[in-house]
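Presented sequentially are two complexes of chain A, the first with chain B as partner and the second with chain C.
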Partner chain A sequence: MYIHQHTCISAQETFENINLDIIHPPVGNKLVAKEPVYKGIPPGILRRMGKAVRMGAGAGLPIIENYRNINGIIIGTANGGMEDCIKFLNQIIDYEEGMLTPGNFVQSTPNAIAAQIGLMATNKGYNITHVHRGLSFENALLDAFMMLKTNPEASYLVGTVDEISAYNYNIDYLDGWYKSELHPGLSLYDTGSPGSIAGEGAAMFLVSSNRKNAIAQIRDIQTIHTTDHAVLKEMLREMLHKNALHTGDIDLLISGENGDIRLLPYYTEVTRIFNNTTAVVRYKHLSGEFPTSSAIATWLACGSSLPAHLFQSGYTGAAAKNIMIYNNYKGLQHSFILIGKSFGS
Partner chain B sequence: MSRVVITGLGIISAIGDNVNQNREMLIQGVSGISSLQFCDTRYSGLRPCGEIKHTIPSLKEKLQATEPGVTRTSLLALHAFQEACGNAKLQLSDIASPDTALIGASTVGGMCLTDELYHDANTKEEGSPYLSSYDCASVNLYLQQRYGMKGIINTINTACSSSANAIMYGARLLQQGLAKRAIVGGADSLAKFTINGFNALHILSPEICTPFDQDRKGLNLGEGAAFLVLEREEEVKDKTVYAILSGYGNSNDAYHPSSLSDNGDGPQLSMQRALETADLSPLQISFINAHGTGTENNDLSESTAMIRLFGAPPPFVSSKANTGHTLGAAGAIEAVFSILNLYHQEIYPSLQFKTPIETTLLTPVQEYRPASLQHVMSNSFGFGGNCSSLIFSRLI
Partner chain C sequence: MEKEQLKQQLKQQIVQFLNLTSIQPGDIKDDEPLFGEGLGLDSIDSIELIVLLSREYGVTIQDPKEGRKVLVDINTMADYIIAHKTK
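Here is the complex of A and B:
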């Protein structure tokens, strides 16, 4: 499966005028997305969109403009329009189930993002929404992978959206997934405390079986639910073996390390499997933590070169050929995404 | 490509706690729609629903589900999951195997806990035990954790067509060799959230719904869960095979965020694509379990699509007046009904119908009858124009 175009709306300068040397730090423990001026969306429609739908359509439509004949839209989102969802819920309680307006309800269903993109692009093809929390993106990728196996001539828009709403932030905060505060000057990775910082964003990809002029190849996707380090390491070894790769062949590991001391051992163990010929990049200090953040890592992997400041170790300035992305969501949901950048054309 | 067969069925709905009870009530034409007893809402007497008459504590006790943070949706899912796995004679080691996928759908997830969610989303006080139980994925993560499942796990939400897409995704995993068996289905429970949402859209009927009737007044919400065990034909050995999953189609209507087009483009396309993957012509379909929610919009759009595709459509019913519209569970529940149609070679009556829609003049089957059925289609259409159709075939 090959990626031909990629877009990203995040807390950093990742849309249109991409500049990863400018760093926007978190505000109040949140990395809120820098939303662009949404040129392609009529103002009347834009006003009615919740943020998740807006970011999804905003990131997806520029790709659809270039690829009008895509065969379907495959979206991963853990929560969809959470803000609209709780707005509607609050109306139910606050007005004691009085007469409510359905707008928030319709915008709150997670499939509203894929639906809205399909509607705006008049795309009657395959349309689906994966909502498996920290593996929503991975299941969307796997879906596209299977679609392309059966329809080699096809192309699909695959992508993700998740938003920080005041509400899901509150729920995850109460559940201990965010730090109470982040000391200025102290790196996210050096806090030694539980929890991370909240993030949000949308990343979209055009995928097909066509190798010619592709930006990157998704070679394999593996997921597992476990808390057992040994099972995890075994899965990574098997994956490398299956793809006829040695650990030394992976020249870049993009690690989802997120500053949560409880999850650090998983990242440390996975990093240890590789030797010092594998560079390590971390990105959650720029994206924040959210269930579909591995899509941001995939977007980064598609870029031509990553700035030195993203590297934890092994920066050489050379472009990576084989990239492994490892992500772990809340200690249970793990994924490895293998990306190739050198496949001839 | 190897054929995907169904070796296990599990269901809980307003008309019964298991497959046999559901079949018996379908044969007798019993409606499970009634006033709400357990779901706390001011609409309990005003908007009848397909409620499962078990309390949460009684479900927990029956299932020995003592884990903290378990929701009604997860309990219903577990109930149907256990029946399906038992029916397919899966051992615990089979369920936990890396070769076993779990693909479940839900649209409500833990949002049935409206008051707890309101508290946890809005206050800084100590959280409830349900902090990680609200999202749709929580249902399948509960099953994953309880059984230590190591295969591919996924949750799908395409509104009212969710579990039809879960069945489709599971079948594709098998066909591509990514799993040896897949436990696929969906679960949703009644919630103040969805009752108020659908009520705000003015599509809840004040009476038992009347699918495909000229004077239909809207839908009844319902709750339930159903799971199917899918296996590759060559691996089932001496197990009972209930049916073959021979075709599936997915499309988007691309017309409106919450209603279907009058000409039924999306429904027509999903049915067409299902026929293509099954390599069947429209004439070969013996029977359809329609989506048939009883709303003005759905029944007209679906009727139009059936006429466009079939000319004279085959015998069809809607089972929504039996169970209510169970949203994310509907596709799986109706898949079970379609498989029962095939396996027992019989048609269950569509309830509450009096007068055909003026412009389409289609009449559903209204009495129980034995029937020779070879290929049965099941339709599910949802908000956002998400349309899916499945075709089940008799093993011969």
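Here is the complex of A and C:
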């Protein structure tokens, strides 16, 4: 499966005028997305959109503008428009199940993002949303893989969105998944404490089976629910073997390390499988932690070059040919995405 | 509440309820059509306005034909509220 175009809205300057040399730090322990001026969305529709729908449509529509004939829209989101969902549920309580307005309800369902993109682009093709928490993006990719096997001539918009809502932030904070405070000047990765920082964003990709002029190839995706380190390592080894690769063939590992000391052993063990020729990049200090953040890693992998400051080790300045993304959500949901950048055209 | 005060309050509520971020309450004229060429509201907004009248003023519009006469502009809404409000 080949990627032909990619967009990203995140807490950094990743949309339109991309600049990863400047890092915007978290504010109040949250990396809030820098939303652009949404040119392609009519104001009358935009004012009703919740943030998740806005970011998703804002990132997806520019791709569809260039590729009007896509065959479908496949979105992964753990929570969809959670903020609007809670507004709607609160209305039910506040108004004693009386008169409720439709706006928040319409925007609150996870499939509102794919639906809105489809409506605005007048795309009547395959339209589906995968909601599998920390593996939502990976399952959207797997769906696209299967669709392209069935329809080799097709192309799809595949992407993810997740927003920070007061609801999911507070619940996850109380559950220990976010740090109480990130001291200024201290790296996210050096805190030695449980929890990470909250993030949000949207990343969209145009995928097809056509390698001509592609910017990257998604070669393989593996996911697993486990807490067993040995099972995880074995899965990675099998994945490399299946793709006729040795650990030394992977130029770049994009690690989802998020500053949570409890998850660090997983990332350390995966990193140790590779040898010194594999560079390691971390990105959660840019994006924050959210269930579909591996899409941000995929967006980074599609870029032509990554700035030196993102590298934990092994920066050479050379473009990577084989990239492995490893992400771990809440210590249970693991994913590996293998990306190739050298496939001819 | 006097009619003029009610109209100002209505404008603020319409901007807030319908999330009209690019419009200031003072920009809405009393006789400016709410739908179509005026504010450009649509059918989903009409439901939001009916809910607004019910929640804030205890005014219920049950007949759609009646709604079309009430939700014309700020003047017609204010007149209807004064005649029917229960809050």
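Following the convention adopted for this analysis, the second predicted complex is superposed on the first by the 345 of 345 C-alpha atoms of A that agree within 3 Å, B and C clash if a C-alpha of one lies under 4 Å from a C-alpha of the other, contacts with A are read in each partner's own complex, and residues count from 1 in each chain.
The rule we apply is simple: a contact is a pair of C-beta atoms (placed from the backbone, for glycine too) under 8 Å apart; a residue touches a chain by one contact, two chains touch by 3 or more.
Given the structure is predicted, the values throughout are model-derived calculations rather than measurements.
Chemist: Check the residue A:Gly44 against both partner chains and state whether it touches chain B (first), chain C (second), both, or neither.
Modeler: Only chain C is touched by A:Gly44; chain B is not.
Chemist: Can A:Ile128 be said to touch chain B (first), chain C (second), both, or neither?
Modeler: Touch partner of A:Ile128: chain B, not chain C.
Chemist: I'd like to know which partner A:Phe105 touches here: chain B for first, chain C for second, both or neither.
Modeler: After superposition on chain A, A:Phe105 lies in contact with chain B alone.
Chemist: With both structures superposed, pick whichever of chain B and chain C touches the larger number of chain A residues.
Modeler: B
Chemist: Given the touch rule stated above, what does A:Ser193 touch, chain B (first), chain C (second), both, or neither?
Modeler: neither
Chemist: I'd like to know which partner A:Asn170 touches here: chain B for first, chain C for second, both or neither.
Modeler: first
Chemist: Which residues form the common part of the chain A surface touched by chain B and by chain C?
Modeler: 99-102, 106
Chemist: Please name which positions on chain A make contact with chain B in the complex.
Modeler: Its residues touching chain B are 72-73, 78-80, 85-86, 88-90, 92-93, 96-97, 99-102, 105-107, 109-112, 114-116, 118-119, 121-133, 135-136, 139, 142-143, 146, 149-150, 166-168, 170-172, 174-175, 223-226, 231, 330, 332.
Chemist: Under the definition above, what is the set of chain C residues touching chain A in their complex?
Modeler: 17-22, 40, 42, 44, 47-48, 50-51, 54-55
Chemist: Looking at the complex, which residues from chain B come into contact with chain A?
Modeler: Against chain A, the touching part of chain B is residues 41-43, 107, 111, 114-115, 117-118, 120-124, 126-127, 131-132, 134-138, 140-141, 144-145, 149-150, 152-159, 165, 169, 172-173, 176, 178, 192-193, 196-197, 199-201, 250-258, 265-266, 269, 382-386.
Chemist: Inside the complex, what are the residues of chain A that reach chain C?
Modeler: 43-44, 47-48, 95, 98-103, 106
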